[in-house]
Every structure is written in C-alpha cells, then in structure tokens.
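Pasting the structures in now, so scroll down.
Look for subunit A in each of the two complexes below; its partner is subunit B in the first and subunit C in the second.
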Partner chain A sequence: MKEARRFVTQNVKEFVTLAFILLIYLVAGVLRPEVLSGGRMAGVVNSVLLWTPLNLTMALGMMMVVIMRGIDLSIGSNVALSAMVAGILFRDHGASLWQGIVVAVAVGAACGMINGFLIAYLRIPPIIVTLGTMNAYRGLTFIISQGKQVTGYELPPGTTDFVAEGVRLGGVLIPWLVVISLLLALVFYLILKYTHFGREVYAVGSNREAAYLRGINCKKTEFLVFTIVGALCGITAMMSASRFGYINPSNTGKGLEFVVISATIIGGVSVNGGKGTVVGVLLGCLLLGTVNTMIANVGIPGTVQLFTYGLIIVTALLVDRIVLSLDSKRRMAQQVAGKEALR
Partner chain B sequence: MKGLDGRSKRGKLSAVFSRREWVPFGLLLATLIVSASLSESFRDLAYLLRTTTRYMELGMTALTMTLIVSAGMIDLSVPATMCCSATVAALAFHAGLPMEAAIPLGLLTGLACGAVNGLLIAYLNLPSMIVTIGTMSVFRGISQIFIGDKSLGKFPEWFNSIEKIPVFMIGKARFGVTILAFILLAFAFYLVLHKTGFGRKVLAVGANEQAAIFSSVNTRRVKLQLFLLSGFVSGIAGLLTMSRLLLVRYDMNLNSEIDVVAMVLLGGAEISGGNGSIIGTFIAVLLVIVLKTGLIVANVTSDAQMFMMGLILLLSIIIPNIGKLVQGFRDR
Partner chain C sequence: MKRNRILAIALAALMLVTCCGLVATVSAEEGKIKIYFIPKNLGNPYFEALSSGFKDAIAELGEDKYEYIFTGPATAEATSQIEYVEAAVQNDADAIFIAANSNDALNGTFDDARDAGVPIYLINQDIPGSESHRDAAIMPVDFSTIGKAQIKLMAEQIGYEGEFAILSATTDAPDQNTWIELMKEVLANDEAYSKMTLVEVVYGDDQPEKSTIEMEALITKYPNLKGVIAPTTVGIAAACKVVQTRGLAEKIRVTGLGLPSEMKEFVMDGTCLGFQLWNPPYEGYLAVYLATAVKGGFKTEPGATFSAGKLGEYTILENGQILSLVDPMLYDITNIEEYAALF
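After this line comes the complex of A and B, so read on.
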C-alpha cells in the first residue's frame, strides 16, 4: 500500500494526465452515452489510435530536445522535405517502398544534422536556428516539388497497408503505424533510462556546466539529439504518406510542431530542462488524440473545435500547475514534520 | 574590451559601430540595392509605399514583441489576437452598434486577450510559449465560432482603406495613416524600452528574473503590463488589417506569428531575454518588407521566397557572431 502511494506521488504528472483523459471520456459519456457504446467505441478507439502515431513519433524526439532545454520548430518542414524527396523518387524513378523509407530517414537525419551543427557547435539558440530552417526546409520542399503534390496513385503499392492492416487485439484493429510508434516509444524508453547516451541527455539538460565537468561531451550529445530528431522526422514523413495517402508540399507536416510541443509539455516534460519521461509523453499524445476525436464524436460543431482544443490545452496546464503546487506544499510540510520529529 | 557595466571601454565611435543593428541594416542596404537593380518599379518610392503597407501592421506587433522577447518571454498569440479583436468589432457593428463604438470594443477585446495571457503567465508562472500556443487556438477559435467560414464586411465608407488616407505626400509618394502610425509607434517604443524606468525593468526581468525580484522589481506586474500592451497593439493592428482588407475572416494572418518573431530576432533581440533593440526591430521590419516585395517584383516565386527568408534569418545570426562562434566551437 505504502509502495503504491509512493509510486503515485513520484509520478504525479503522469497520473494527472491519465485522470484528464478519463475525465474527457466521462464527460463524453455523460453528454452522448452512445459514443461509448459497443458499436461506436471501436471507431472512437480506432480514430484515437490513428491520430497518435505521427505525433508520438515526433514527440519522442521533441521530448529529448526539450529535456536539453532546446526546441525544434523545424520538424513540420523537415517531415515535408523528407516525404517529398521520397515521393519524387517514387513518382519519377519508380523506387520501392523500402528504398523510399531509407531515403526519407537519411534526408531527415541530414536536415537534423544541419540544425544540430548550428545549435551544438556554433552555439546559436535553437529557437532561432529552427525558425530559420523551418522556412528554409519548407521552401526547399516547394522548390524541388515545383509546387506539385505526389498523389496516392504515384505512391508504391502497399504504402497505405500500414494503416489498413495491423495486429488484431480483441475486437480492435491496431494498425501497423501504431505498433511501430509504440515500439519506437519502448526503444526510447530503454535508451533514455538505461544507456549512457540517455542519461547524458538528462545530465546536460539539468546542468550543462556540471555535465561538462563530469566529462560529458555536451556538444556531441546535443548534435546527436538533433540528428535523431531528424531521423524521426524521416520516419514520420513515411507515416504521414501512409496515413494520408498523398504528399503535399504545403499540407504535409503543417502545424505539426505546435501539436507536438503541446503534447510534450502536457505530458510533463519541463521547459526548464532535465525532466520528462516517455510514459508522460505517450499520455500527452493520447490526451490530445482523445480531445480531437471526442470533439468530433460528441457532435461539437466544426467551428467550435479550434476553441475547445485551445481551451483544453490551457486547462491541462492549469490543472498540472495546481496539482504540482499542492504536491510541493505537501512535501514541504512533510519535511518540516520530519525535522520536528528529529528534535 | 568590456567594462564592468558591460559597455565597451573604447571610444564612442567604435561603440556605435559595434552595435548589432548594423547587421540588419547592412542586409537591408544589400537587398535594396539588389532589388532596385533587378526591377524598374522598385526605384519608385510611391510604388514601394503602396505595396508595403500590409506588412506594417505586423511590424507594429513586432515592436511589442521586442519588449516581450527582451523580458525573456514570447507571445505566439499575436495574430490570433488581431483576428479576435477585428472579429468582435465587426460583430458589434453588424449587431447594430455604430462603427465609432465598435472600434473601442475591438481594442478592449485585444486588451482582454492580453490580460488572459498575462494573468496565466505572470501570476500562475506558466511558460509563455506553451500558454500562448494554447490561447492562439482559443482566440482564433472564438472568431471561428462566430464567423465560421463566412466573412464579415460592409463597413461604413470612412472606415474602409484607412491606410490609403494620405497624411502628407512627397511628390507622388503617399505616406498613409498606417505607415505613419508604425513610425510613431516605433519612436514611442524606442523611448519606452531605452529611456524609461519601465524599459529598464523589462530588461531586468529578461536578464535575470531572480535578481530583478531582489531589486524590488514587481516582475509579475511588469509581465502583465507587457502582455496587456501586446494585446492592445495587436487590437490596433487587427482593426487596421480589417480596414485594409474591407472584411474579416477567421483565418486573418494565419501562421504569421513566425513572421513577427522572425522580425524581432532579425533585429538583434536575444531570445533568452535581457537584450533588445527597437531600432533593430524597426530596421528588420523594413528588411522583411523590402525582401518580400523585392522578391515579388523580381519574379521570385513565393516558395523560393520562403527559402530565402529562412536563409537570411540564419545569416543575420551567424554573420555578427563569427568571432563568438569560432570561440564557441572551442569551449563547451
């Protein structure tokens, strides 16, 4: 019992996010009971699942960047650029799906390296670098595509199978995209928790000077993190092609950075660096996915969606803040009580 | 050589020449020369003034953004606030209020938006970037709820195209209301940031918030005031945009928050706070304007323009810091 309590208090942020997700289901259930009934439920779960993988994959990278006190605004454009390069190979050179995936990841990683080099080695603030590359990559996407989109017919056969097929768990079909992103999440969970590199990310984020004095190559770590984010952009690019069935120079990856940053922060990654977990980010993505799906399913008209979406982000921030301040007060009270007892 | 107060110990002249504003200024001159040599119409001041009015509205909000960035924060909800204030003014007009009453209502909406941001950020200590990403959707959502996919227009004749009212003319070149408002506002903000106690407090909050608190600066109040100011100026800019476009849609200035931030950063403000220059932002706004119109005149497609903008933003950061960068390459 005591251990269970400690588990909860140590992971307050994650539990708050979880509670928030359940609350949304509850509200939806009260407003429209039929949404949670047998037939509709599978559809709801499916659309939450389909909303999640792109954002989760990107959020894993964004999390590492934010833990290192950085930010990456260029991810949306990077996704568009790597998707477009692969798309042009598909369309004009008859590349196979796997060749396309390799190329997209390589292009994404190269773009990430450019960010990483400017940020880590030239010490230019990440927000400026990525704001610049955000424009540059998006412009490049337009230039190489000459403004034309790659349509579903021009994608290699089997691209959309990743959405349509998957693992069947009970009555719910879990698409391959979701499985892949969950596997990635597992991999990053292990990397961040159990490898040198993962611990270095946290160390550099919480105190760069101290990390340097401990013999950590801060620049290399930062450069690697941005390169990994770039590679994840390449994976997301292919996921987006599979999910939407086209690659468009202006639509693909548009606004992705804001959604992903919101999911990351709601998931409890601290903008002051050094704090954040994969589980929290996963819950943050699920929360935003649930919000998006429920807004449509509860029958809120389309014009109110944007407002509700923003309201929920702000509310989540507020709830998070209130719970954290209550928690820190309780902890301080405990410390005082502990000192009293020692006397 | 830096003195204890952070100022250069060398003479005044070299202090002038070592200012960061020279970078956007140099870029501005370069783009002016290139554009003028590429196109006939670009040498015509009347044409320039006519085509550039539309960026002046965003330029105004870039001035308040300079203050906010100098205080170590960011406001991404500016275009959404512009849209929201314009929507409320238009709705009030269509509900039967005279335009004279609808305009203050629109400005009040701007203030209210700023107050929401300011209260959340200053008094609840929430990170400004995330709060304004959230309120960005909220404010734009409000105008989407009320307008939907339609557009509101049909304003009284005197309200339409305010920017075309000439305040004075030089030859054929017309200095309209918007351009002069931008210049006056820039001058006012120069005084506020660099010559008043409030400006010092803003920079103090940006440089070191803890130290500012210990120097008895009411940091929360400063932050709230900054966001109120940002909301108000966004309101003005929103109404001017409405007057120029003759209508309001919910997607007014969609995605242009990045343009505003880019103007501020081009002007040499430090994103981590504690340093900002209104002169720099002013030049950077002109630079962005010349770039955008210059590239259009030179028949550069809009996609290539985007690439150029990104490149110039990066260059403007890299060029003045080459010395620092080489050093940064060596140390941690």
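After this line comes the complex of A and C, so read on.
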C-alpha cells in the first residue's frame, strides 16, 4: 500500500494525464451513453489506436528535441519529402516495400542532418532553421513530384496491411502500425534511460554549460538528435502511406508538427528543457487521440470542434500545472517538517 | 573565423542553386493565333489536364495556325499572376485564359490588357463581383446541378432508401456548403428520395487524418449507414480508404466528387461504384474554339452562340459565363482508366 502510494506520488504527472483520458471517456459516456456500448466501443478504440502510431513515432523524436530546449517545425514536410521519394521509387522503378522503407528513412535522416548541422554547428536557432526547412522540404516535395500524388495502386502490395492486420489481444485487433510504434517507444525508453547518449540528451537540455564542462560534446549530441528525428520522419512517412493509402505532396504530413508538439507538451515534456519521459509522451498521444476520436464520435457540430479541441488541451495543461504545483508544495512542506523533526 | 567560412560556402552554394532555377525561354512567331493559358500554379496535374484540352483542339484545327503558351506562377498566390498577364500582353497575345487566384486582385491588370486589345477569359471559374473586368468565363459545369446530381447518384447506389451521411470539406467551404444546401432541398422536396435519411453532415477539413477519423466515427455512430457522399477530393479518398480497409464496400457505398487518378484504385476494386466531377480537358478544348471564333469577328455577348467542334454549340449566358457541361460527369469502371491517365 505504501509502495503503491509512493509509485503514484513519484509519477503524478503521468497519472494526471491518465485520469484526464478516463475523464474524457466518462464525459463522452454521459453525453452519449451509446458511445461506450459494446459494439461502438470497439470502433472508438480502433480509431484511437490508429490515430496514435504516426504521432507517437514523431513525438518520440520531438521529445528529445524539446528536452534539449529545441523545436522542430519541419517534421511534417520531412515526412512528405521522404514519403514522396519512396513513392516515386515505388511508382516508377518498382521498388519493393522494404527498399522504400530504407530509402524513406535515409532521406528523412539526411534532411534531419541538414537541420542538425545548421542548428548545432552554425548555431542558428532551431525555430528559424526548421521554419525555413519546413518550406524548403515541402517545396522540394512539390518539385520532385511535379505536384502529382502517388496513388494507392502505385504503392507496393501489402502497404496497407499494416493497418488492417495485426496482433489479436482478447478480441481487440492491435494493428501492426501500433505494434511498431510501441516497440519504437520501448527502444527510446531504453535509450534515454540506460545509454550514455540518452543521459547526455537530458544533461545538455538541463544545463548546457555544465554538460560541456563535464566533457559532453553538446554539438554532436544536438546533431545526432536532429538526425534521429529525421530518421523517425522516414518511418512515419511509410506509416502515413500505409494508413492513408496515398502520398500527396500537399496533404501528407500537413500540420503534423503542431499535433506532435501538442502531444509532447501535454505528455509533460518541459519546454524549459531537461524533463520528459517516454511514458508521458505515450500518454500525451493517447490523450490527443482520444480527444480527436471522441469529438467525432460524440458528434460535436463541425463549427464547434476546433474550439472544443483547443479548450480540452488548455484544460489538460491547466489541471496538470495545478496538480504539479500542489504536489511540489506538499513535498516542500514534508521537507520542512522533516528538518524540524531532526532538530 | 572557421564558422564564417562555412557560412560563406553554404551561401554561395545556395545562390548557385537559385540561379539554376531561373531559366526562362521566350519565343514568338508571326501570323498565328496566340493563346495564353495561365493556370493558378504550375505543376498542378489538374491544370495539366485542362491544358491537354487546348492541345487536342489545336491538333484538330491545325498545329501551324496556333501558338499555345502554357505558363504561370509556381505558387497559387493572388498577385503572382500579374506579371504573367502583363508579359502575355507585351507578347501580342490574341487571347488570355486564366484561372485567377483572386476574385479582385487582378482587376487592374485585366483592365490594362483589355485596353490594349487583348481579351481576358476566366477558365475553370469566374470572378464573382468582378465580372465587368473580363470578357467571358468558361465554367467547368453548372454548379447549381451538383447537389441534385450527387443525391441521384447516391440514391442509385443504395437503392433509393436508407441512411446516408455527408463528409464535407471545411465548415466554411462556400462551394460545398451551397451543394449541401441544394442536396437538402432536393431531399425534402423530391418524392423519389422520401425513404432516404440524411443522418449527419460531418467535416473532414480536407485533411486526410481528420477526414479518416470522421469517416470511422460515422461507421461507428450509425450501424445502419448505407452511404456517404463526400463532395471533396480529400474526403472521398479518405472515406473510400476506410471502407476498403474494413471490407465494408458492400454495406456502405461511398460517392461524391473526386479526381479520377486518385480514385482509380477504389473504382477498380469495387469500393466505389462511381463518382462525379466535371471534365477539365473540355474546358481547354472549348477555349481554343472560342479564341478562334473571336479572332474571326465573333463578339462575346450574352446570347451569342459559337460552335466548338465535337462538343457542339455553346451559348454565352446572361452573366457572361459559358458552361462546358450542364450536369457533372460520371466516372466509373467504364472510363476511369482513360481519365486517370489525364488527371
């Protein structure tokens, strides 16, 4: 019991997000009881599950960038560019799915490297660099595609199987896309927690000077992080092709950066750097996925949806802030009490 | 110092790339009918298809009698077309066909061109409120027939009874909103559709993600749903993808307005029995015949008629518009491959 309580107090942030997700289900259930009925619930869960993988994959990278006090606005365009390069190979050169994935990841990583080089070695602020490359990568997508989309039948067979097939867990189908993104989350959890590189990301993010004095090559770490984000863009690009069944120069990856940044911040990654966990980001993605799906499923009128979406995000952040400040007050009080007891 | 050198090299490389992009060619020949077509932007397959209509008509009437120039800005911005119109006037164009990016930003430019004796024709659209600044407008279709035609198509596919929904673009999309109003009117007044119920109008905001979620939610919300009308290209593709992935084609019929190249896959595998759109090549074909008639002394006044080869007679309407089609065209298994190759 005591241990359970300690577990909760140590992970307040995550539990608040979890509670908020449950709250959304509750509110949806009150507004539209039928949403939570057996048959429809499966549909809702499937929608949430399918919403998550693209955003989670990207959020894992964005988390590292934000931990290092940076931001990457170019991810949506990078996703489009790497998807398009692979798409053109599929269409015009009969590349196989696996070749396409390798190419997409390579293109994505190369674009990430350009960002990383400009940011880490030329010391241009990330927001400026990625604002520029956001347009450049999107523009390049238009140039190489000549404004034409790569359509479903031009993709290799089996591309969309990743959505329709997967692992069955007690009657609920977990699509392969979801499984892949969860595995990626696990990998990043291990990297950030147990490797030198992972610890360096946190160190540089919380205090760059101190990290430098401790002998960490901050530039290299920053360069690597942006490169990894680029590689993740390549993976997301193929996920997008699988989920939507086409690669379009203007649609693919459009607005992805904003959703991913929202999910990252809601997941408790601090914009002041140095703080953030994979579990938090996973919950942030689930929260946004739930909100998006529920807004559609409860049947909120189109004109009101955007406002509702914004309101829920702000409320989630607000609740989070209040709980955290109450928690830190409680801890301080405990510390003071502890010291006084020692006297 | 070293950083400055890297910056300088990067800058030089960028300038070189920019210069390479600025290659332009100008040609002029005497004694031919000189037709300019300025699309909203270049590299847009839709306008390439429209342009193919120009070429068809010219091939029919004699390649040596025409000079056809297809040129325009890279981005679809309001003012970026001004210089192209001016250049066409300086090159002694006989007719300028333009798909304007703004309803009024080009008025002054149009006036100057017409003062210099070059007629201005809008193509694929009109410029509401600025009709006095152009000579005529070639319209893709009579837009007032779309609502009725879409309901009829839906009815045929679901056997004139059952629940159906509409998946639209954004809540403020003017064309879609007009069509939806017309659809509702037809439903309420026409006895033939008395057994059909419009359960909900949802908005996918012309984003693949949002459109997909809304479509999934429709399926979850309405277990008896028999059809979905998506009068927007992004929406219809997303809706078809969901139905295809879930294997629901027999149960839920998707139709609407789409691009043949994007819809080919779904028509070929039976997910979509048929959808509608106008015929962009017709507009270009018509344009060449109009320019030729005007060169021969034809006056573009309301009520005047001219002949457009294999398409027959066309009349200029009271508002200066020419309707290239009255009802939208049906695209299905019989013609999808032919048109998918075009646009």
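We take it that the second predicted complex is superposed on the first by the 343 of 343 C-alpha atoms of A that agree within 3 Å, B and C clash if a C-alpha of one lies under 4 Å from a C-alpha of the other, contacts with A are read in each partner's own complex, and residues count from 1 in each chain.
Everything that follows uses one rule, which is that contacts are C-beta pairs under 8 Å (C-beta built on N, C-alpha and C of every residue); 3 or more make two chains touch, one makes a residue touch a chain.
Keep in mind it's a predicted model, so treat the numbers as computed, not measured.
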Q: Please work out whether A:I313 is in contact with subunit B alone, subunit C alone, both, or neither, and reply first, second, both or neither.
A: first
**Q.** Of subunit B and subunit C, the chain that contacts the larger number of subunit A residues
**A.** B
Q: Answer with first, second, both or neither: which of subunit B and subunit C does A:F142 touch in the superposed model?
A: both
Q: Tell me which partner A:S262 touches in the superposition: subunit B (first), subunit C (second), both or neither.
A: first
(Q) On the A-aligned overlay, A:G152 touches which partner chain: subunit B = first, subunit C = second, or both, or neither? (A) second
Q: Quick one: classify A:Y121 as touching subunit B (first), subunit C (second), both or neither.
A: both
**Q.** First, second, both or neither for A:G299, with subunit B first and subunit C second
**A.** second
Q) Touch check for A:V163: first (subunit B), second (subunit C), both, or neither? A) second
Q. Touching A:W51 in the superposition: subunit B (first), subunit C (second), both, neither?
A. second
**Q.** Residues on subunit A lying within both footprints (that of subunit B and that of subunit C)
**A.** 121-123, 142-143, 147, 255, 303, 305
(Q) Looking at the complex, which residues from subunit A come into contact with subunit C? (A) 39-40, 43-44, 46-47, 50-51, 121-123, 142-143, 146-149, 151-153, 160, 163-164, 243-246, 248, 251-252, 254-255, 292-293, 296-297, 299, 302-303, 305
Q. Mind pulling up the subunit B residues that touch subunit A in the complex?
A. 120, 124-127, 129-131, 133-142, 144-145, 148-149, 255, 258, 261-262, 265, 270-272, 301-311, 313-314, 317-318, 321, 324-325, 328-329, 332
Q. Quick one: in the complex, what on subunit A touches subunit B?
A. 71, 73, 118, 121-125, 127-129, 131-143, 147, 208-209, 212, 218-219, 249, 255, 258, 261-262, 265, 271, 303-311, 313-314, 317-318, 321
Q) What residues of subunit C sit close enough to touch subunit A in their complex? A) 3, 6-7, 10, 41-45, 168, 171, 200-203, 207-210, 212-214, 216-217, 219-221, 223, 234, 237-238, 241, 244-246, 261-262, 264-266, 268
